[in-house]
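Naming follows writing order (A, B and C), and every chain is counted from residue 1.
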Amino acid sequence: MKPATNPLDRRDAWLGVMLIAPSVLIFCAVIVYPLVSAIYLSLFSIYTPTLQGNFVGLSNYAELLAGGEFWHSLANTLIWTVCTLTLQVVLGIAAALMLHQAIIFRSLARSLILFPYFVSTVVAVLVWRWLFNDLYGILNHLMIWAGLLNMPLDWLGSMPNAMVSIVLVGAWKYFPFVVIAVLARLQTIPDNLYEAATIDGAGAWGRFWDVTLPQLKDVLLVVVLLRAIWDFKEFDLIYLMTGGGPLIATQTLPLMVYKEAFGMDAMGRATAVAVAMMFVMLVFMLLYLRQAKQDAAK
Amino acid sequence: MRRVLFNLMAWTIVLVTAFPLLWMVLTSIKPQFELFRMPPTFWPEQITFEHYARLLWETPFLTYMRNSLVLSFSTTVLVVAVATLGAHSLVRFRYPGRERLAQLVLFTYLLPSVVLILPLYLLMVWLGIANSLLSLVIAYTSFALPYALWLLRSFMQGIPDDLESAALVDGATRMEAFVDVILPQALPGIISTCLFTFILSWNEYLYALVLVNTDEARPLTTGVMSMLVSAFNIEWSLLMAASVMMSVPLIIIFAFLQKYLTRGFGAGGVKG
Amino acid sequence: MSAAEVTFCKVRKAFGNAVAVRELDLAIGAGEFVSLLGPSGCGKTTSLRMLAGLEFPTSGTISIGGRVVNDVAPGKRDVAMVFQSYALYPHMTVGENIAYPLKKQGMARGEREAQVKRIAAMLKLEALLDRKPRQLSGGQQQRVALGRALVRSPKVFLLDEPLSNLDAKLRAHMRAELIELHRQLGRTFVYVTHDQLEAMTMSDRIAVMEGGELRQFAPPREVYDRPANLFVASFIGTPPMNIVHGEFNGRVFRHPAITVPFQVAGAPTRVALGVRPEDVLLGAGPFRATVRVVEPTGHETIVMLEAEGAALTARAPAESHLRPGEIVPFALRADRLHLFDATTELRLEARATEEISA
């Protein structure tokens, strides 16, 4: 774009720049600088308590890629993301379809379904850890009472239970996001599409497959990408549920970053993990950016 | 008949979803000894608020609460004020680099905190403000600002250009048009953004964990978790009472301002 | 304060690589009602917005009342604008909407209220002053938008398709009201529209635009009777003018179905003949055509014909009994024929030399 030639135009552009300037300054301080700094720090070996370090080049990355822990954590991250995301989407669509129907006290039902999403992860984790409690937890009691178990289950301390537990809690906490997005879209599907499908002889399933799902395709794509990105970088929930344990069985990449920095006191290696993780995420992020651009063009 | 069955099924699912939260409330009002009864009681045989009293008077809970309020209010005011100006600029002004900037906002909106947190930690130590609420406010802008900018931008894009044009022709300057016309129109969007930013800050955990390790500056999230860790014998009823108290602002927002939450979702998705 | 003339001098506007308006020269007299008419994307709205100060010309100058306004902020140009969307401020009442321009001028509250009352009485809005715009019908919103423009008594009124969101009946009514308003106020009106009926009925002069260029600037009658080029010829008039491409040998226009002798100086070989549908006289004459479609509209019948590859439209009386497939003789009204250079598309000053009856 050519610089504006008209004085009024130029004054307007100047005002626009002034209005965005505070945002840009804050961006530089808390995002751009840390981002560049992270890449820079990942080339050093830094001892966290003293913050003294020396330049080691790419050897942090070399260690990372050669060692098993990074790959193990990456695999955990992927398992967690794929499983919890799948559950979120399936439950989310089902709940949205349900809430779209006329049920009694619909707005109360909607509030109750949405609440887990807005509640603090800390609260969610405390409640679930209490539910999962091996001796006094209601979950074990209910399952024994129902005959599903004959002795209390250790939900968080052994594998694969720990992974299953965090996947379940993740699904519970985040499926409302899918519900809201899908529900909003459902409300905009014109009724005459369903009427036409009914006239053409489609049953309830047929209408779902041929009318609802195709209409939901775009919103689902966006929801899946966003949730994939957010699930991938989830720290609070997993850290607070299992701390990555037992041992490192549920340790995902964000947890590894934290452990390297403050458990192993290796700040440089920690940033290397963070940067590597960001590059993995970049794939999703670019996909999302492309999708957002296409939506904006529409 | 089918209606009744459907309603029954739907409400069963809703109640199963809401059960953990219901259980949280029930646990918080049961006397301690009742928790360890075999088999456990569902409804409390005896309702007690002793845990709430203990929480408020015998633990640093109120300090955490005050910290969280100060922190969330400051972050919200700062971020929404800056983002409102910024979003207006991104939507209604033309200058070189504007499109790139909008893209960058979206990009940072997706950026993982763990990448930024270590350099931010070093920055706070270097500035000598680590372990303070101020350091948290600064750190929180790193996720709240891109988020608020993005949300407000989509709200403001929904305001017709003609309104501002009309104000300009009617004799307003660009800033006057912003104040007289754009701001009142954007108000519902600004309220939504405030609520989301507030909730986001209220619920934040990772930055608080890394940047603050004294009770004086600890917000509720890390504060309540530290109660779990420090207690020799985990007092679940106390923790559940803390969880309920921590969710009070959310319950208020849900009860009175839910339409703004729904609107926010429509405008630009929501942060996870 | 009174009306002011408006001048566009070599005005050009580009958005990046896309040129919206190129080299626009336009002189609008003080107190004149001028319509900018053209299909969408022709640059008419951009021109109006440049006049309002909402867009800035890439080059060239715009002046109002002899003052160059390129560097003048919209609010200081002494113009008022009515938007297609009305652009009423939704959070203000009708009264506050109308008072807003006065408030920005710094007028005292009491005087403001008096002015708003005056305008409300003029537009019959008194009962609505305390309502919000969303509580009004489309027609009422439109009057409020007009009121907001009128209240300042500006030198120039800019109207951007103000009637296009109204239903047909109300539109006809508002046309009459706008003409009356213009007569009363005596101010300069610049009116953007894509509706030729609006332009024809209201304007003193019409500026026909296409592709960012001015194609003709003349009174409605002249635009209709003497279109300056093929675009104007085919854009103005419903149904549009018939265009028949043929050859000219210096004396006679020739097409396999139609020949017309013309008197014209220096005409090229490749030309186009323009005939308005009402100038195609069915029933008798030297030419033959096949009836393709007959559309009775009530007060007349539109007949579509084909003559040796040329498609023609004719207006016939309502009671004509033509049937598709029928072959009819026809004549053309010689004094109403138009001849265009097929290459430059410009009008040729030509006169048919004889009545074409034989």
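As a convention for this text, contacts are C-beta pairs under 8 Å (C-beta built on N, C-alpha and C of every residue); 3 or more make two chains touch, one makes a residue touch a chain.
As the structure is a prediction and not an experimental result, all values here were calculated from the model.
Across the two candidate interfaces, A-B and A-C, the one carrying more C-beta contacts is A-B.
Of all chains, the one whose mean C-alpha position sits at the greatest distance from that of chain A is C. Separation between the centroids of chain A and chain C, computed from CA atoms only, is 56 Å. Chain geometry summary: the mean Cα position of chain A and that of chain B are 16 Å apart. Shared contact sites, meaning residues of chain C that touch two or more other chains, fall at 53, 73.
Counting only residues that touch two or more partner chains, chain A has 1, 4, 9.
Interface of chain A with chain B (complex): residues 1, 3-4, 9, 12-17, 19-20, 22-24, 26-27, 29-31, 33-35, 37-38, 41, 51, 95, 98-99, 101, 103-104, 109, 111-124, 126-128, 130-131, 133, 136, 138, 141, 145, 172, 174, 177, 180-181, 184, 222-223, 226-227, 229-236, 240, 253-254, 257-258, 261-262, 267, 270-271, 274-275, 277-278, 281, 285, 288-289, 292. Contact residues on chain C toward chain A in their complex (touch as defined above): 16, 53, 56-58, 70-73. Only residues 6-7, 10-11, 13-15, 17-18, 20-21, 23-24, 27, 35-36, 39-40, 82-83, 85-86, 88-90, 92-96, 98, 101, 103-104, 106-108, 110-120, 122-123, 125, 138-139, 141-142, 145-146, 149, 174-175, 199, 202-203, 205-206, 210, 220-221, 224-225, 228, 236, 239-240, 242-243, 246-247, 250, 253-254, 258, 261-262, 265-266, 269-272 of chain B touch chain A when the two sit together in their complex. Per the touch definition, chain A reaches chain C in the complex via residues 1, 4-9. The touching residues of chain C, counted against chain B in their complex, run 49, 52-54, 73-76, 79-81, 83-85, 87-91, 100-101, 104-105, 148, 152, 158.
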